[in-house]
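Notes follow once the structure below has been shown.
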Amino acid sequence: MQREDKQLELVLENFQSKLNEFKAQIYALIFKLEHERDNVNWTTVLDTFAVFSTQYTAIMKYLSYEKLPQLRNYSVLPLMLNPERDEDLARITENRVPALSHDIVPDFLRTKTEPEVEHKLMQVEHKAGGLQFETAQKQLAAFNKVVNHVLDLVSKAREEWEVETGARVGIGQTSSVADLHTLVSAVSMGKNLKPMVPQVSPGGMMVPPTGRPVTPSMGPNTPPMGMMPKPPPGMKTNVKAAGAPHPYR
Amino acid sequence: MEAIKEAPIPAMDSLTSAMKNNIVPNQEYLLQGSVLDSAVEVLLHRLRGLCDNVDSGPETFHDHEMCFSIRSVTPQPLTLRVRRAIDYLDMPYQLRYIGQPELGDKSRPTILRNSIDVATTPTIVDFLTEMGFRMDFEYILRGYMFRKGRMKITVSKIFKMMVVGKPAPESVDPISQSYLVELSVLAPSNQDAIAEDMRVFAEQLKPLVHLEKVDYKRLTQPPL
Amino acid sequence: MGVTIIQQFPMKENRTGAQIIEFLTKRVNALGAKQCGTFLVDCETYASIPQLGAQRTLHVFHNSEQPASVFAILDNGTGKTVPVVADALFDLLLLKMSSVYTSKKSKVEIRGPRFELNDFVIKIGAININHNVKGIIVEAEYRPCVVFGLCWDMLREFLQGFLGSCVSNIPPHYFQNRMNDIFQPLDTIQQYLDHITIYRKATGILQQYNTNTT
């Protein structure tokens, strides 16, 4: 008996972690829908739903694994309904269920689909069952034809597109790593942008951002030589200039 | 008129609770790349197709950025940036703190860095100077801005200013034959899902532009 | 947004701040003013570390009337002050500066009831320095006008109407060179700073006096 209990606990734990994983994915989708409602495209949503469906199947498979205790043999029944807010319940359900009230219990503890849904499902199944074999074959053939046609269109478009992009590769180089490094070190550290030789103070001395002496071998982006190594007196006036009010202020 | 009945909450308290609830956008996810001047038209064309602001066309900008620093007892100076629009003089100035970029491991698609963005009055330049900040460097940016959901894409040309404090067109010089391309999102902590979207978007710009996590530490080393 | 002026109301002996506020509340109620919530203005002061040379002082204000803004006023120690108005996140940036500007641990809060009376807004607040009530401050705003010089006379008369003779006939010092400028929220804050400075000095003298006598 005890062994069984332990096993049940283990199974529930596993089950919960799977559910939490699933929940996180659903959260991510909701977050996306809330924040980027205007430009979520259907393909990504469809992909996400495909992932959900796989998750769901995996969970169902796990539950039906025969060595597991049959969860369906355990029943949950509400002992007491209470319209008052229950803090503990709110906490464990992350504020989704504030109270175990008459309103929500029929939905949360439901084991069968809603009668309305069940009825609709029956209707559809009945209709499918009553279909003649020949009519079904005919519909299948027509559907295949349409799909094949669309496939043709898509592959043709793809071929054309590939030829086009193939041609575009011919443009040659469009970006340069050296330029990227020049630009990024300029905006992040002011490399080649400093108006003067960095000030040197006895306490904390400011190392030039490159960590090497300024030499003409710095590359094509070095500003004219005259700009860089300024004598100390020039430096002082520059420091003042930075402190003085700017004309655009 | 509906009167506010509750007592006002002290500003610091409401800021603290905003921080606790993770609604303060204080992190920037970033990818950077560059495109040669000759190919920028093709890139703009592609961005026009991919991004949201198609109808209005790309938004242009012309900004002046100044980088200020102050030295304290710690060896690392505190650096703040001030950015202002040259083409819209009545816009607020933007004061910005940017933290050390974190590259993370291979599984993280973008650079992550702390970022605090504050709109201020134009007096901020004088204010920082009087506080004891010194201007380290300044530059001009000119370019285009695109949006795609929460992502921001900028394509900008960086100019060096030949005269301190004078951003006039005749006294600026481009520092490279390329445009800087940046893809960024400013978000509260723990929204790593957006980084994945950025990676996907960056894929769509290949091979025209390779947006990558630029390693700032390696930039300080002399090239081999 | 109109023109706001700030007036001290003298503390009386054997009366607490709350009692004076109650007393003034009765008077403005008698004028027909309705209470609309409460207000809060706070100020934190920071000083630069000695390594930066001349000591600079930074005052950072929040005002519940402009809840999304932070007002910062820097005094560079040589008589020049520079104000900045910024977004609320400026407070976060200040934390980054804590190694160069340290808090002087002298938090000032002015809070109390807020009233509306047709075109006027009246606020009656107790000024707390480090949680001790130091005085009473009355703020009056005339909303339809944005130029101080055009409505000073009326505001003065209005204030004298319920505060009595403590309201001077001479415009506040702060406005003497700003009679015809467009009024901005920052002008309210600057006036608060002037008053806070006076109270702080007074406290300093009082403390000195106390330490001398003991």
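Order of writing sets the labels: A, B and C. Residues in every chain begin at 1.
By definition in this document, a residue touches a chain if its C-beta (ideal position, glycine included) is under 8 Å from a C-beta of that chain, and two chains touch if they have at least 3 such contacts.
Every value quoted in this text rests on a predicted model; they were computed, and no experiment measured them.
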> Which chain has its C-alpha centre farthest away from the C-alpha centre of subunit A?
Replying inline: C
>> Going by the contact definition above, tell me which chain pair has the most C-beta pairs touching.
In response: A-B
>> Going by C-alpha centres, which chain would you call the most central?
In response: B
> In whole angstrom, how far does the Cα centroid of subunit A sit from the Cα centroid of subunit B?
Replying inline: 22
> Could you state the distance in Å from the CA-based centre of subunit A to that of subunit C?
Replying inline: 48
>> Rounded to a whole Å, what is the gap between the Cα centroids of subunit B and subunit C?
In response: 36
>> Give the residues of subunit A touching no fewer than two other chains, as numbers and ranges.
In response: none
>> Going by the contact rule already set, what residues in subunit B reach two or more other chains?
In response: 71, 123, 126
> In the complex formed with subunit B, which residues of subunit C make contact?
Replying inline: 34, 36-40, 42, 48-49, 51-53, 56, 58, 62, 64, 67, 70, 72, 74, 76, 80, 82-93, 96-97, 99-101, 109, 111, 116
>> Show me the residue ranges of subunit B that touch subunit A in the complex, using the header's touch definition.
In response: 32-36, 38-39, 42-43, 52, 65, 67, 71, 75, 77, 122-123, 125-126, 129, 134-139, 148-150, 158, 160-161, 164-167, 173, 175-178, 180, 191, 193, 207-210, 214, 216, 219-223
> In their shared complex, at which residues does subunit B touch subunit C?
Replying inline: 1, 3-8, 10-12, 15, 19, 24, 26, 70-74, 78, 80, 95, 97, 116-121, 123-124, 126-127, 130-132
>> Under the definition above, what is the set of subunit A residues touching subunit B in their complex?
In response: 28, 31-32, 35-36, 38-39, 169, 171, 173-176, 179-190, 192-195, 199, 201, 203-204, 209-212, 221, 223, 238-239, 241-243, 245-249
